[in-house]
Structure formats: C-alpha cells, structure tokens
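Labels for the chains are A, B, C and D, by order of writing; each one numbers its residues from 1.
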Amino acid sequence: MGVIEGLFTGGKEFVMQVAAAWLPAPLLVLLSAALSAVALLAFAAVTFMYLTWLERKVAGRFQDRYGPNRVGPFGLLQPIADGLKFVMKEDIIPVGADRVVHELAPVLAVTPVLMLFLVLPFGRGMTGADLNVGVLFFLGVSAVQSPVVIAAGMGARSKYSVLGSMRAAAQILSYEIPMVLAVLSVVMAAGTMSTNSIVEAQARDGWYVLTPWGAFGMLVFLLAATAESNRHPFDMAEAESELVAGFHTEYSGFKFGLFQMAEFLGGFASCGLAATLFLGGWLGPAFLPTWGVFMIKTYALFFVLMWFRATLPRFRIDQLMAFAWLLLFPLSLLVILSSALWHFLALAPALVASLVLLGGGYWVLSGVLWREFERSSGPRDVTGVR
Amino acid sequence: MSITDSFVAVGVYAVLALLMAITPLVLARLVAPHNPGTEKNRAYECGVVETGDPWGQLRVQFYLYALAFLVFDVEALFLYPWAVVFKDAGLAGLIEVVVFIGLLVLAWLYAVRMRALTWE
Amino acid sequence: MFADLGFVLAAIVTLAGGVIAVGARNLYRSVLGLMLSLTGVAGLFLVQRAEFLAVVQVLVFVGGVSVLIVFALILVEREGAAMETGVNPGLVPVAAIVAVILSGSVIYAVVRSPLGAAPPAAVQSRDIGEALLNRYLVPFEAVSLLLLAALVGALLIAREKRN
Amino acid sequence: MLGVKAYAIVAALLFGLGVYGALARRHAIAVLVALELMLNGAMLAFASFSRLHPLAQAVSGQAFVIFIIAVAAAETIVGLALVLALHRVFRTARLDAFELLKW
C-alpha cells in the first residue's frame, strides 16, 4: 500500500535526496520543478496516445464494430503507428497563408493545454504546483484557446479555416462563462482556490456533487467543458458535413496531430478538474492509491464524453449559442445563489430552497430555450457569412 | 514545494511544454518529404479552384458574443475574491454581491431582449 | 536569483511584444504582438507573486480583449490585403517626441528616486476580496454599473439595424 | 530580487510604446491596440509600486489594477463598437479618412 501510494512522490524525493549531495541549493529548486514537469508532460503524452486508441475502441463498441485491431495486440500499437505517420507526412502550407502564424498556431494550441496539467491534484501531495489561485489558473489558461483557434484560422487563409475558427472562438468564449461561474460555486463552499485544498475541503464537507448545487454545477461544468474542448455534440468548429475540418483543415502531419492533442488533452484535463471539484478528487477507499482513485474518476468522466460522442447528434450553431446563453449561463448564476443559500440555511430549508430554485429555474429556462429552438426551427441560413 | 517558488514551477513547466510541442515539428521537418506544387498548395475548397478572398465577410454576431463574454468575464473576476471570503463576509457580503450580480442580470436580460445572444 | 531571471525573461517578452504590436504593418500581427506583450505582463505579475493579477490578466486580456479586437478587425477589414497599414508619416516625429518625453521623464524620475528593494507582494486573493466588500464597496458596485452601461451602449452602437 | 525600479522602468517603456502607437498609427484598431499597451503599463506600475507599502498586506495597488482591468474592458468594448459604427458610415476604419471636421 505505502509503496504504491508513494510511487511518484517517493521516487521524486529519492532523486532529490541523491541530487542534494551534488547540486547547490538554487539548482535543486529548478531540479524539483523540472522533475515534476517532465513527469506530468510524459504522462500527458502517453495519455494522449492511448486516449486516441481508447476513443476509437469505445466508439467502435458503440457502433458494433471492432475499432483499431491491426497494429499489435488489440491494436495497442496503433498510436505509435499514427505518430510515425504524422512525422512522415508532407507539411503543406497553402499559398498566401501567413507562414509564421501557420507554424506558430499548433504550438500555441497545445502549450496552454499542457499547462492545465500543472494544477491538477493527481494524488495526495501530487500537484505539479499547488498555486493558491489554482482553479482560476486552470480557467485562465484554458481561455487562451480562443485566440489560438483564431490564429489557426488566420494562418491558413482558407474559407473553411477562417469560418471554422471564428465559430470555434465564439463557441469557446460563450461556454467559458458558465464554466467559470460553475467553478465559483465550489470556491465559495471550499473557501479557497487551490485545487489541493478544495479536495481537502471535500474530506470535511463530503463530495460536492452530493449537494443540489453541486450536482447542477457539475452538469453545467461538464457540458461547458465539452463545448470548450470542441468535442461532440458541440463540435461545430469541425462539423465535417459543412466545414470539412474547421480551423485545422489546412494543417497536415504533426501540426494536425498537435491540434488533435490539444482537443483530447483539453477534454481530459477538464474531466480531471471536474473530478477534483465535484467528485472529491483523490479521496477514495483506502485500499487504492490516491492517484489511482483520481485516475478512475477522471477516466469515468471521460468515458461519459465518449458516450456523448457516440450517441448524440450534433447541434446547429445557432442552437449551440442559444444553449450557452439562454440555459447554461443563467443556470450557473442560480447554482451560485443556491450554493450561498446552502451555507446560510439549515439543511432541510436549504434542500427545499435549492431544489425549488434549481428545479424551477431549469424548468423555466429550458422552456425559454425550447421556444427559441422552435422559433428557429426549420432550414435557415446560419453560416455567419453575409 | 513551498508557495514562494510557484512562479519557478510555472516558468519551468511552460518552457518544457513549449519544447515538447516544438520537438515533433522539428523532427517532421527533418524526416518528412517536401515537394510543393502549385496545385497541391492551393487552399482547400472541395477540389475546385478557390474564388474570392477567404477573409471573412462575417457578421457582427461574432463581435456581440465576444462583447458579452468580456462583460461577464470581468464580472466573474470580481466574484472570485468574494467567493474566497464568502463565509466570513456573511449575509452583508452576500447582499452586496447579489446587487452586483443583479445589475449584470439586467445586462443579460437586455442583451437577450435585443436578440444579441441568439443567432439572427 | 530566479526572480531576477524571471523578470528579465518576462520583461523581454513584454517589450518585444509591445514593439511588434506598435510596429507591425499587418494588423493581425499587431494584435498577436499585443497578446505576447500581455502574456509578458502576466509573467511580470507572477514574478512579483501577484498570482491573482497574473491569472486575471490572462483570462481577461489574452482570452477576451484580444479576441474582441480580432473580431472587430475582421468585420472592419474585409480583405486580407487591407490588413496592411502603417503609421501616419506626418505624425511620426511628434509621436516619437511625445513618447520619449513621457516615458523618459518617468524613467528619469524613477532612476533618481530613492526607491529601494522591496519584498514581493504578500497580498492574497482573500485580502482583495475583503477590500472589495468593505473599503472599495462603492467602486465595486460602480464596476457593475459600468459594465451594464458598456454592454447596453456597445450593443446599441454595434448592432446592425434590421434592413 | 531586483527592486521596484526595474519594474517601473519596464512599465514606463511599455507606456511609451503605447503613446507612440496611439499617436502615429493610421488605423483605428491599431490605435486601440496601443491604448491597451498604455493601460498595461499603468497596471504594471500600480502592481509594482504597491510592494513598497510598509504594510505587507496593503491591497490598494492590486485593487486598483483590478479596477483598471474592468475599465479597460469597458473601454475596449465601447471603443471597438464605435469603430464598427464609424466603419458602417465611412466604409473604412483608417483615421486619416475621417476628415469631416476639417472644414
């Protein structure tokens, strides 16, 4: 138990102790940061490789087919083959494109997403950097996605890219707000923005998902996070039937691979944050190592996202925006209010009040949203081009 | 890791993440073939020769979403410091914040009434 | 030592981004320069341990303001070629002189001043929250009003009239 | 740790760049970009000077930065909306094209 639990923290400590004999103190600080960083980045790379495999396997199961099964046993070597193919493909920059921006955009897309892993608490004492503004750091860094997506479109100079990037940026912006506000309700209850302390606060209060506001907050957060990472059913940016591949139409080889990486890891990191904020992070039964608990919760949430992708039809862009601004945004405000009431009222009245507030709010708002959908139903021009 | 060197952790991590993103591109530059052609390097337009300037003839709608985002984003940034002290600030703090949010809900209602947040 | 190193790096990023933002002929590159510069400023906040400010800087300026500017840019300049725009040659000397006088005098004053070393900021977001609810209550509520006014005004101005 | 002086110098340089851009650039949006630089210079100066306060917990400097951010956001929103409105009338956003008042 102790050995498995301390596999990573103990390993790092061991290296640090060995290094302490050799290196001066300032370099030790750097070494400590670099060790955590390399571990997290290696984890991110492996996660990306096998998420692509898992996604295809799961989608295959949902659609009654096998998924990748040619390269290695169960297709387990498929990601490596994909990686080799990415590297070997010719890199094409379309004529008239801004070459500098074209080279820069994939790098800028993936770097912030990798930064997200820095504040996730993977286990007890396993946060890359336990910033005291942790969750806000996560939200701020993930907000960088929208200008980056625009850069991808501007660097390609193709109609599909420009249109896809504008849509993607507007979508990411719109869903950022409910996400930020849903996280706010947790910060109120925990009284801190550090991800690690939020997990510890849930050891005291119980998992936040078990409260009415927490349940609704998690719903809002997960939906917003799905849209934020451009995943199905919100993948307007690359609606294949109308936009080819959206903002990364003109990117081939590993540049495309990097955009793919940003999408998968962004979704994964959001699941990790959802597990941290609402599902008690690494709190779990004692016979499992804390990092194992965190991984189980995160993968369970990511499975839900894959489930969405395999079963739900895609939104239309106007419905997508209405969904964010007419339902999720006001609902997230109600979640905040209900989280405040939860603190000020006793259990029974708080329960009644939040259920009335959230249930009633959801009922009214979904009615409003439905009216908007009906009003705008039928074929209409939603291209966003004049 | 103590709190005082948090920026070291962030900085080191950012540099390494950047390196990790650049490495495969450099590798691809070394390995991948490179023989451009006029047809191949055209922007993709379903196989036909592209027409017109791809630069958007976009509608003002996109701007309105960004505008609404900025307003409510600033709102959220003012709420976060309050959320941290929420339990100590008590009912008085809550009322102050409810007034704050209430004004912005007015802004939201106005935007919805103006149909600025739905695709026209 | 790390603080100094971080300061130098962040300052280079900030100023380089600023030069690109002001100097680039292509308007979109100019916005990219602005984003670089804003990120650099966030780095400078972080090095001074004003973590909340650093994060908010990224969230609002890089994530929000720069996107807003790009959207406006695309609405205004409908052809890629028209993104190229330079400076007004007649105004360059005046602008340069004013800029040099303004920032030069500030730098002169700062260098001559007896400002000593200072510890990094020890302000937590908790302190900011308390200040917003007590000492800065009126500005806090005024911000809400300001944002309401800005949203209403901008919607009225920017919205296209139907037909 | 370098003193406040170094930070103040960077802030002044950033502000100077912004002043130059705001005065010399030809395009309304480029001028707004330069204005953002000026505001950021001011924010940086506020945050840096607040460290000089004898009270370590003194919050005024950082609170001011937050208010500047709010004002900057409002300024950008309205400023760009004005640019869009001007563009609708004059079909351009180049400042030297707006010469109605030169009579």
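Rule of thumb we're sticking to: contacts are C-beta pairs under 8 Å (C-beta built on N, C-alpha and C of every residue); 3 or more make two chains touch, one makes a residue touch a chain.
The model shown is predicted, which means the values in this text are computed figures rather than measured ones.
Engineer: Using the touch definition from the top, what's the fewest steps needed to get from subunit B to subunit C?
Structural biologist: Minimum number of steps from subunit B to subunit C: 1.
Engineer: What chain lies farthest away from subunit B once each centre is taken as the mean of the Cα atoms?
Structural biologist: Farthest by centroid: D.
Engineer: Given the two chain pairs C-D and A-C, which is bridged by the higher number of C-beta pairs in contact?
Structural biologist: The comparison resolves to C-D.
Engineer: How many Å are there between the centre of subunit C and the centre of subunit D, using C-alpha atoms for each centre?
Structural biologist: From the centre of subunit C to the centre of subunit D is 6 Å.
Engineer: I'd like to verify one number: the distance from the centre of subunit A to the centre of subunit C, where each centre is the average of its C-alpha atoms, in whole angstrom.
Structural biologist: 27
Engineer: Taking the mean of the CA coordinates per chain, how far is subunit A from subunit B in Å?
Structural biologist: 13
Engineer: Find the geometric centre of each of subunit B and subunit D from their Cα atoms only, then give the gap between the two centres in Å, rounded to an integer.
Structural biologist: Those two chain centres are 20 Å apart.
Engineer: What are the residue numbers in subunit A that touch two or more other chains?
Structural biologist: Residues 29-30, 96, 131-132, 136, 143, 157, 166, 169, 173, 176, 193.
Engineer: Could you say which residues in subunit B touch two or more other chains, in rising order?
Structural biologist: Counting only residues that touch two or more other chains, subunit B contributes 5-6, 8, 10-11, 54-60, 62-63, 66-71, 73-74, 77-78, 80, 83-85, 101, 111.
Engineer: Two-or-more-chain contact residues of subunit C, please, as numbers and ranges.
Structural biologist: 2-3, 51-52, 56, 59-60, 63-65, 67-68, 71-72, 74-75, 77, 80, 125, 128, 130, 132, 143, 147, 150-151, 154-155, 158, 160
Engineer: Which pairs of chains touch one another in this structure?
Structural biologist: A-B, A-C, B-C, B-D, C-D
Engineer: Applying the document's contact rule, which stretches of subunit C touch subunit B when the two form their complex?
Structural biologist: Subunit C reaches subunit B through residues 2-3, 6, 9, 43, 46-47, 49, 51-52, 56, 59-60, 63-65, 67-68, 71-72, 74-75, 77-81, 83, 125-126, 128-130, 132-133, 137, 140-141, 143-145, 147-148, 150-152, 154-155, 158-160.
Engineer: So in the complex, the part of subunit B that touches subunit A is made up of which residues?
Structural biologist: Counting only subunit B, the residues touching subunit A are 1, 3, 5-6, 8-14, 16-18, 20-22, 24-25, 27-29, 31-36, 38, 40-46, 50, 52, 54-59, 61-62, 65-66, 68-69, 72-73, 76, 79-80, 83-87, 91, 94, 98, 101, 105, 108, 111-112, 117-119.
Engineer: Show me the residue ranges of subunit B that touch subunit C in the complex, using the header's touch definition.
Structural biologist: That would be residues 4-8, 10-11, 53-60, 62-64, 66-71, 73-75, 77-78, 80-85, 88-89, 92-93, 96-97, 99-101, 103-104, 106-107, 110-111, 114, 116 of subunit B.
Engineer: Applying the document's contact rule, which stretches of subunit D touch subunit C when the two form their complex?
Structural biologist: Those in contact with subunit C are residues 1-10, 12-30, 32-34, 36-37, 40, 43-44, 47-48, 50-52, 56-60, 62-63, 65-67, 69-74, 76-78, 80-85, 87-88, 93-96.
Engineer: Within the complex, which stretch of subunit C touches subunit A?
Structural biologist: So the residues of subunit C in touch with subunit A come to 1-2, 26, 28-29, 32, 35, 51-52, 55-56, 58-59, 62-64, 66-67, 70-71, 74, 80, 124-125.
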